[in-house]
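Read through the structures below before going on.
Next come two complexes, and both contain chain A; in the first it sits with chain B, in the second with chain C.
Up next, the complex of A and B:
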């Protein structure tokens, strides 16, 4: 168990800079998700932490120790791969025992056949077998120990890969999209299990995913990466409610946040000809954008701010998402409604929408968050 | 329908051309010299009793033989005794052609010794080839280093060099270090197999990088990865390479003929065929073909046993 420090790490492949000076402190026992669209550099960062790739500059410190130039094998980290990467020729038990065998047995004791007869090998092998059994029981795969990976289902392989990672006590666990090869149902189940595993072990987890739901549901903190930078790193609540960048706002949350182009002047906002109920800072002028979460919108009759036509309705049973076309706006906006409102949301219906002024997130023309002194007094002071 | 028919006819024709020499070899190994000369007797020959002329000639009785045999033939002239002894010899030297051919194959030359030499040489070559080719192929397929592509191009280029072109320099080098007429001379020149490196490299390219990274995370060094991860996953490809390597060196006539210049103890099986080549007293086609049959049998049996995995290895579809 240990803390991790990522200190101004950059990585260039040829002419392209994949990581642009990433800094991130991960405390002991924390579950940090690196989340971002594909190609944002999150996997590269994980591989640099693991020692499978070397950084172009900057440093990785594990418990204060700079590990630059230390082989992956000697960093005492465990990794779970997206493809699971189990050894196809070994049984489940042998797969899980490999990290222990490579670390605890001498090279003589590892020799095939005669290795077992070397002095001390018997006791160590018994110890290893016990650890393997314990890890297998933790993950409920002890009945599969004699099978080969080829005979396992995707979920079982995933557990074996986890078992191989947690059989020894590494400084930290690195997980590279471990759920993306599972079907949707199993993914939800395994998500819970990994989160519980993290609570039980109290170990440091670094979890790479492109799925914001996984990041939201499992992490202590989320680091949203885009274009080789960390845009924001905070607890899930903050990242969702207070995105500091329009790209973060767009990436986190499903369905996606609605972005509307608006005109700011004299502390007011206008969308086309409509005056919005949101107050803007006085110095803000010209075209900016606001973000409205689907759950921030509600159906309205008399006090409607926006009006539009329902184009498509998605009924999820417990909630309904309606896609609405606003006149004078290119894209559709999404609104969340309760099943009770289903009747007024038939396709083609003209409806009115309203929202609380404080529900709108303001972003300046560069996509940076603007805090409203009236709505967010605390943040605006900090900002 | 007719298209299929044509397809099959053409393929059958091709197969017959390939099989014909084997048919002749096996058929000759059954027949008597007379039948081979006259080209009769079908596949098995008539298997009539034949007399081994050399056997009779070896037992040609001299004066002493006649003297010792005299008590067995009382009241007969020396001439009669001699004729009787010759008749006995002829009777003893009678045998079926198939028996004649195969006993000749094993008795005329120490064929078992040659087969043993063949096993020693091909097995040593194959093992050392693996020891060299696997790490080289791993480096070429999975490690990133400056000049990797250039090195691989050189490997490919080496595939184009015919053995016969470098045979003479190789021979001179071996002679200078005094290695001619040793097992080493038969083995050493073949230990670095460019084809093996190429084939294994192509197979290793299909092994997922994650597997190697996982091995590194598990604490393995690069050599441990080669022997503990790559070798076991590459078994189908290794079997394919084994067949190519073993067949080539088991059947090799050219190189052993060059470096084994006197010591018959080092003869490999193909050199054994020379024992029957026609000198003054005519060729022994029957025993020669019997020897050839004995030599190719182990290979054919090995191929049939490993057939399925061998084809798997050539198509390089071992990992998914």
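Up next, the complex of A and C:
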């Protein structure tokens, strides 16, 4: 168990800069997700932490010790790969035992056939077998120990890959999109299991994913990466409710946040001709954008702020998402409704929408967050 | 559910029709296989129990006499020794060198392509033509090999016993020396064959999953050797079985170098009298079809045995 420090790490491939000075402190026992769209550099960052790739500049510290130049095998980290990377010729038990054998047995003791007769090999092999069994029991794969990876389902392979990572006690676990090859149902189940595993082990986890739901549900903190930078790193609640950048707001949350172009003047906001109930900081002028979460919108009759036409309805059973076309705005906005409101949300219906002034997130023309004076008067004055 | 219930007469009819079509479609291939593969094998098998000569109208059954001679005559003892010496030397060396070259080329960038071409050249060249080049190079007095060796005379290299003896008396006759002839043949066999194995291994190496090397590294495999043992070698298992079998069969079939060097009979003191050459000499040159067929059948048994081992290995050990 250890803490990790990523200090101004950059990485360039030829002319392209993939990582633009990433800094991140990960405390001991924390579960940090690196989330972002594909190509944002999150996997590269993880591989740099692992030592499978070297950074162009900056430093990685594990428990305060700079590991730049230390090779992957000596960094004492465990990694779960997206493809699981199980050795196809070894059984499950042998796969899980590889990290222990490589570290605990001498090269003579690892020799095939005669290695088992080397002095001390018997005791060590017994210890390793016990550790493998324990890890397998933890993951409930002890019945599969004699099978080969080719005979396992995707979910079982994923568990074996996890087993291989947790059979020893590494400084930290690195997981590279471990759920992306599973079907939706299994993904939800395994998500819970990995989160529980983290609680039980109390170890440091760095988890790379492009799926914001995974990041939201499992992490102690989320680092949203885009274009080789960390845009925001905070607890899931804060990242969702208080995105500091419009790209973060758009990436986190499903369905996506609604972005509306508005005009700010004299502390008020207008969408087309409509005056919005949101107050803007006085100095803000000209075109800006606001973000409204689908759950921040509600159906309204007399006090409607916006009016539009229902174009499409998605009924998920426990909730309904309606896509609404606003006149004078290209692109639809999404609102969440309860099943009880189903009748008023048929396709083609003209409806009124309202929202609380404080529900709107304000973004300046550069996409940076401007604090809403209704929500946080102190921060808005600073801004 | 009872399956029989679904079998209405129509279905049965359709099934037999389908079976018949299947037989019709395979018939041409089957006919050809029987005609050009099985029939000659059977004929060779039958002839191996006779004293038939080409041109004769009749023949006599001689029972197992031909086989008896194969296992008692000293000429055939030399044949077996030469053949197995060649196989046992050439197969491991050409497989090992092929693998080594493939690994080295695989670890290189673009320059690897040049080496790939160089090592593959002997495979593409006609061995018969190459044999003439080798014959010149190995000529005892004007050959390049002995000329080069002579250059070491009078230098520090003379502390090597082989060179010391060579300088004091003479360097080997190579193709004319019964102690060296088979090894020269082996050397040419390895030189000619390993490029082919290298290409097969290069193809095998492309199928090794790169992430496995990273997994091995994370698991604590520090040296290249450990990575090779944990990832590369097991992944090349199917390739290795194929390469070894092919190399064995090719080694059993060695003929053209020997025919080119010693058209009159299997090298000095029959030290390079390999099976293929024996078949050619007995069956074609001396028109002793019976004994020639017996050697052919024995040859077939060896090759079949190797192929069966390969099938067994492919299905059992290296399959995952």
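In this section, the second predicted complex is superposed on the first by the 377 of 383 C-alpha atoms of A that agree within 3 Å, B and C clash if a C-alpha of one lies under 4 Å from a C-alpha of the other, contacts with A are read in each partner's own complex, and residues count from 1 in each chain.
Assume a contact is a pair of C-beta atoms (placed from the backbone, for glycine too) under 8 Å apart; a residue touches a chain by one contact, two chains touch by 3 or more.
Keep in mind the model is a prediction, meaning the values are calculated, not measured.
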Clash-or-fit label for the pair chain B, chain C on chain A: clash
Partner chain in contact with A:41 - chain B first, chain C second, else both or neither: neither
Which of chain B and chain C A:236 touches, first, second, both or neither: neither
Which of chain B and chain C A:77 touches, first, second, both or neither: both
Chain B versus chain C as contact partner of A:102, first or second or both or neither: both
Which of chain B and chain C A:294 touches, first, second, both or neither: neither
Partner chain in contact with A:155 - chain B first, chain C second, else both or neither: neither
Chain B and chain C contact sites that coincide on chain A, given as residue numbers: 47, 50-52, 71-74, 77-79, 81-83, 85-90, 98-99, 102-103, 164
Chain C residues within the chain A interface of the complex: 209, 211-212, 214-222, 226, 230-231, 234-235, 237, 318, 320
Chain B residues touching chain A - in the complex, by the definition given at the top: 208, 210-211, 213-221, 224, 229, 232-233, 235, 319
Chain C-facing residues of chain A, complex: 47, 50-52, 71-74, 77-79, 81-83, 85-90, 98-99, 102-103, 107, 148-150, 164
Complex contact set, residues of chain A against chain B: 47, 50-52, 71-74, 77-79, 81-90, 98-99, 102-103, 164
